[in-house]
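Here the chain labels run A, B, C, D and E in written order, and each chain numbers its own residues starting at 1.
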Amino acid sequence: TTSSKGNPVTDNTIKIGENMELSGAAGGYGNQMNQGIKMAVNEINQVGGVNVNGKKQKFKLIVRDNKTSTNTSASVATQLVNNDKVNAIVGTATTNAGTAQIPNITKAAVPAVSPSATDPNFTLQKNGKVQPYVFRACYQNNFQGGIGAKFTYNNLKARRVAILYDNSTDYGTGLEKAFKDTFKGKVVDTQGFTEGDKDFNAILTSFKNKKVDAIYVPGYYTEVGLIIKQARQAGINVPIIGTDGMADPKLAQIAGNQNSNKIYYTTPFSTKASESNPVAKKFMADYQKKYHTEAPTFSALAYDSVNMIKQAIEDEKSADSTKIAEGLSKIKNFDGVTGKITINKQHDPEKPIAIEQLTNGKVSNTYEIK
Amino acid sequence: MKINWKTNLAWLVIMVAGFYLMNTLILVGVINAFIENMLVMIGINIILATGLNLIIGFAGQFSLGHAGFMAIGAYATAIITSSVETPVGFYIALIVGIVLTIIVALIVGIPTLRLRGDYLAIATMGAAEIIRIIINNLKITGGAAGIFNIPALANWPTVYVMVCLTTIVILNFIRSQGGRAVKSVREDEIAAESVGINVFKWKLSAFVLGASTAAIAGSLRASYLQTISPNDFNIMASISVLIIVVLGGVGSITGTFVAAVVLGVIDTVLQNFGALRMVIYALALILIMVFKPSGLLGTWELSLAKIFNRKPKEVSE
Amino acid sequence: MLKVDNLSVNYGVINAVKDVSFEVNQGEIVSLIGANGAGKTTILKTISGLLKAKSGSITYLGKNIQKISAPKIVGAGISQVPEGRHVFAGLSVMENLQMGAFLTKGKQQVQKNYAQVFERFPILKERINQDAATLSGGEQQMLVMGRALMANPKLILLDEPSMGLAPIFINEIFDIIKEINQAGTTVLLIEQNAKKALSISDRAYVVATGEIQLTGTGDELLANSDVQKAYLGG
Amino acid sequence: MQTFFQQVINGLSLGSIYALLALGYTMVYGIIKLINFAHGDIYMLGAFWGYYSINTWHFSFIEALLSSMIVGAISGVVIEYFAYRPLRHAPRITALITAIGVSFLLENGMSYFFTSDTRDFPQIITQHNYNIGGVLISNIQILILVTACVLMILLQLIIKRTKMGKAMRAVSVDSDAAEMVGININRTISFTFALGSSLAGAAGVLIGLYYNSIDPLMGMTPGIKAFVAAVLGGIGSVPGASVGGFLIGILETLFQSIGLSAYKDAVVYGVLIIILLVLPAGIFGKNMKEKV
Amino acid sequence: MTNLLKVDHLIKNFGGLTAVSDVSMYLDSDELVALIGPNGAGKTTLFTLLTGVISPSSGSIVLTGKNGTQSLNKVPAYKVAQMGMSRTFQNIRLFKDLSVLDNVMIAMTSRYNEGFIHSIFRTLHFYKTEDEMKREAIELLAIFDLTDQLDTKAKNLPYGVQRRLEIVRALATKPEILFLDEPAAGMNPEETAELTRLILKIQKTFHITILLIEHDMSLVMNVAQRIYVLNHGSLLASGSPEYIKHNQDVITAYLGEEG
């Protein structure tokens, strides 16, 4: 392993490692991603594999659970790169587990694409340079939070906003900060909650007297669904704006359709937009067929992560891990489920962002941004 | 006066030999980065669990707040080494972490160690959660995102040496006046007081000593993994240390070693089972406890002194 | 009434009771005497179902009770006053007595038992609401005895009932034992105070290192010079 | 003022949920001094049972509630039989570890076999809000509050008045002595588990209905909170568990309403520690002093 | 002349109950005094007061020992023990899971200081102290015939031996006063006689003062130089064994007609 850098392809299969939160706090989201990843790999293999310089090579997926724990993620990553000799990794779901794998994959020169690690600095080294082997398929927080803030101010004309954010994940705290930094109106109150919380009545009651025009709720659908439900039941009817963590059909199920009005969220993966995006359209249909439910955003992001790797291999005409890394950093106008993706210098995907509006639990409107 | 030169020397030889064995195995490639990572994690767990075993197994104080002390050590190291990226910085950070932890352990221990049994467990668990929540809300600690890109200043030799050092400190403490005093507190506080043992002082000593080893473990973990977040130090983290202690045998340091290794290996092997891993782990845990209620080794302790002393006796008989 | 045949009991590898046989007839007071560690308590605990025998049989009213659980044995009419004052710490004196009547049928019967216990141990009445854990040693001893009597036993097993009692009360406790015996309860008694025990016993067995060494009526053993030397203090 | 009363209602209804769970905790702890870590997961099982029985077999609310109590009771008894009974004479800390193991097993087993997705609980009772002078309270909140109070009284009666309750108290203070007066320890402990776990089962359905969201890990956080509530109230004490539950609910609400939401758990633990320092055995706990 | 231990007007209430009511008594050097009285008279409670486990409702306890005159009011139990008063318990309280040797060495903790740093680094001082402690412990155990049980766990010893070990443990603190609470309970006459010899031997060898609670009159009357009789919390009588034996009040309250 000392002679040449990275993991080359052996016996004609390209090994894809999956370092994923299949159990533990983020297990629910991790499993959604697992489904997207499996679907992508199956589809690729069904047509004979990836075209590597004219030769078809199949993907072999190696799934390992990191329990939503940083040290297990580090261990999983070392096993994937050193023992399984994977050519690329998909994962992790969370920033914390993701940063834990960086030292090891970097040493082994194997790239990893995270479907959903959103911390702005995730792909960067301490000195500000980009991490050569770290990529992601999702927006970083500053981008999404900024968009949310502008939309709230410009489109919804909200001037007084309260924020209720997931204080236990970098996702919630990062977006909260980004929103505050960009929002031109007044943030009248900022309150946090913890993953797994179920009761938001106290905070919502305290928002009630503060004459807010809107509430910004960066978090995942599990909690945000409950926030919406409880807010509406408490008689708070102002718009509620959130992020792609709530772009999931489960949101309206938990909140109740009758409560899901004036709900807005930023998302790369708009059901409306999918009508004009054939990749998304096909994905939606296949997913529905396979799992009998509407595709969630996390599955879409994970699906794209795999296909970005495929794209990189085809572009570079090699599935050696270092080549895949190179290929990933050069991806341009890649047609993903979550839009046309171009990887920028920071290894963040540049892709369109949309804002969807829910009325009675159904998407009633889509605002294309930029 | 009888000094156990022979046993002390034997232990030294074993430790040095272990180091070279490890070194050789890495050189010849038997231990790759993956195995090394596993061994380092086992080492860190050993440091954590010996400290907790001192508190629970020897002093009889049911503390569930170990993760909190680990967090202090880890964050001290992350913050300090991020600005002083040298080995010296690491050792300064290590010492700062220990000192901070001792202070916090005193603040936590002085009031709560008056509580008994499960009440103490809950109070210490609460204290650890308070520490975690404060860390989660501070700027300097990076909030929920934690700190990453921490300079890699601890490698396996550092961890190896620290495992040896903390074990020596704890074992030597246990096998001295202090250890006996602490055990008497566990056995019967009223009887201990009746023979002049300052029960509170000894409880606190064990608690603080155990906590400071947690700081060392936290420090190593931050530096080796290069990333930390508040969620690494939640209640479940304290519980996983407790599991090692109980599985090995409450009151057996040898057991702690064995359990840390067994659990470390099980955990790594289970990576091959995908989503089923935690199910198997849970079943294994229940079965081991049901069939080995006093832990893998009970209170048995490996003692070279006993092995050495046995031989001459056999000869003389 | 109670017949023990070739009983052996082990603690791990220690053989504490070896091949012991004896019997207690209806209406008798039978004593077991012997030095510390002779195995008396072990025999008693095996009868009451708290320990499992290695071999041998225990027959009570013609039924083998060896496989029966401890609570059922109590239900069958065997109560015991254990060694070392096993009161329900944390419960009051009254509650302790209530627990003793756990299997006793009939409100009136229970009321009658209370009255009798308080008459025999007036100090318990004074301490009726006190936490049993804070009773003095002797008071606890009386409470345990009272508790056992609450169950209206047919056979009562007494393990050193006089331990820790004041001299004046020792006489009284032996009077009480005689009294309950006369009221129809059969008694199996273990005592260090062998002189007193033998003087009220119909028959007695001397236990040494897990075996029965000697047997006879109370008076016979009192007169036996070996017994005098070993257990009566010269 | 309106806000204040609204917050009081919020606190009470959150507290009633903790109280409901803490009751079962305290029952089991009171008798075998085991921190039954799996209690929160039995609550999860109850919720899932409610979910499936309503969705699949179209159970009515009452049917779902009662059947999930039975399911809870059965799982409690089975768990006790296999995981705790073999450890009756082992150190208590060993049983704690198996309890943790059982908890892991239930959480991850459910995740593995039924996916870890969050599900929406069928809204079998439609929620109505009553507006009393500007203060909103829903029918389900009232239902939970009333259930928690009724169960507390019922439990207290069982413990204080029935023969089984007497046996439970005897076993809890001294199981050896309990055997000597003719109490069947195994049966008593099984009964306690059945009772405590059936409460958890009921809580699963009620809370599922209230929040409309269930998942395999739902038992973890409230499980720990309920345990803290039980300790706060004086573990083993039935009224204590309720008071502890309500106190934590109200404290959490209070600190959230004054803007300390980020620190709400920290403050609750802080209060817990302070209360324990003043009352080392909790609010209703008897501080047993050893006699020398 | 001042007394070694002087107790004045000691009172202890438990709620409504006065367990010890206005007791005044004294102990002099090298005395062997017995404390007797009916069950529940307050004897054990008086012990726990004197040894600092609980504090009195009122009254004073003053020790005039090697270290001068010290009041023992509100002094915690471990300090009382360090000042030279040590005890055994009515219900044996050994360190059950520890060896016989450890049980005794623990009691010497306050008299020897190994020091944390010394023990961690195994300095010469550590080995020296450890050796000294061990030697002293074994010497003590030898007096009680316990040297062949050094490594036995306390809980595995027979009852009578446990009682002896508890006495050794109490002696290991080098007390000026030794309190024994019913040391002969559960012993047969033969064993009680053995214990009687032992107690007399201890007192002679170590020149210490002993206060003894006991219901076994064969023991009390054989060893006690003076006897205090407690009844319902207050002193009923005190004096020589001969006097007490024939005191009518004591006979009615405690000894009974045969006593």
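The rule is simple: a residue touches a chain if its C-beta (ideal position, glycine included) is under 8 Å from a C-beta of that chain, and two chains touch if they have at least 3 such contacts.
None of the values given here were measured: they were computed from a predicted structure.
Determine the shortest chain-contact distance, in steps, between subunit A and subunit E.
2
Tell me which of C-D and A-D has more C-beta pairs in contact.
If we tally the contacting C-beta pairs, A-D comes out ahead.
Distance-wise, how many Å sit between the C-alpha centres of subunit A and subunit C, to the nearest whole number?
Distance between chain centres, rounded to whole Å: 74 Å.
With centres defined as the mean C-alpha position, give me the subunit C-subunit E separation in Å.
31
Taking each chain's centre as the mean position of its Cα atoms, how many Å separate subunit D from subunit E?
48
Could you put a whole-Å number on the gap between the CA centroids of subunit A and subunit B?
36
Where in subunit E do residues touch two or more other chains at once?
Only 44, 53, 89-90, 93 qualify.
Residues of subunit B that contact two or more other chains, please.
136-137, 190, 275, 278
Mark out which residues of subunit C touch at least two other chains, giving numbers and ranges.
134-135
So in the complex, which bits of subunit D are touching subunit A?
It comes out as residues 3, 6-7, 10-11, 13-14, 17, 108, 111, 115-120, 123, 127, 129, 136, 138, 207, 211-213, 215, 217-218, 220-222, 252-254, 256-259, 261-262, 265.
Please output the residues of subunit C touching subunit E within their complex, sorted ascending.
Against subunit E, the touching part of subunit C is residues 35-37, 83-85, 123, 127, 130, 134-139, 141-142, 160, 163-171, 192, 194, 230-234.
Inside the complex, what are the residues of subunit B that reach subunit E?
On the subunit B side, the touching residues are 1-3, 8, 168-169, 172-173, 175-178, 180-181, 183-184, 187-188, 190-199, 205, 299.
Which positions of subunit D touch subunit B when the two form their complex?
Checking each residue of subunit D against subunit B gives 29, 33, 35, 82-83, 86-87, 90-91, 93-98, 100-105, 107-109, 111-112, 224, 227-228, 231, 235, 262-263, 265-266, 269-270, 272-273, 276-277, 280-282, 290, 292.
Write out the stretch or stretches of subunit B touching subunit A in their complex.
Subunit B residues touching subunit A: 32-34, 36-38, 41, 82, 136-137, 143-146, 148-149, 152, 221, 225-232, 267-268, 271-275, 277-278.
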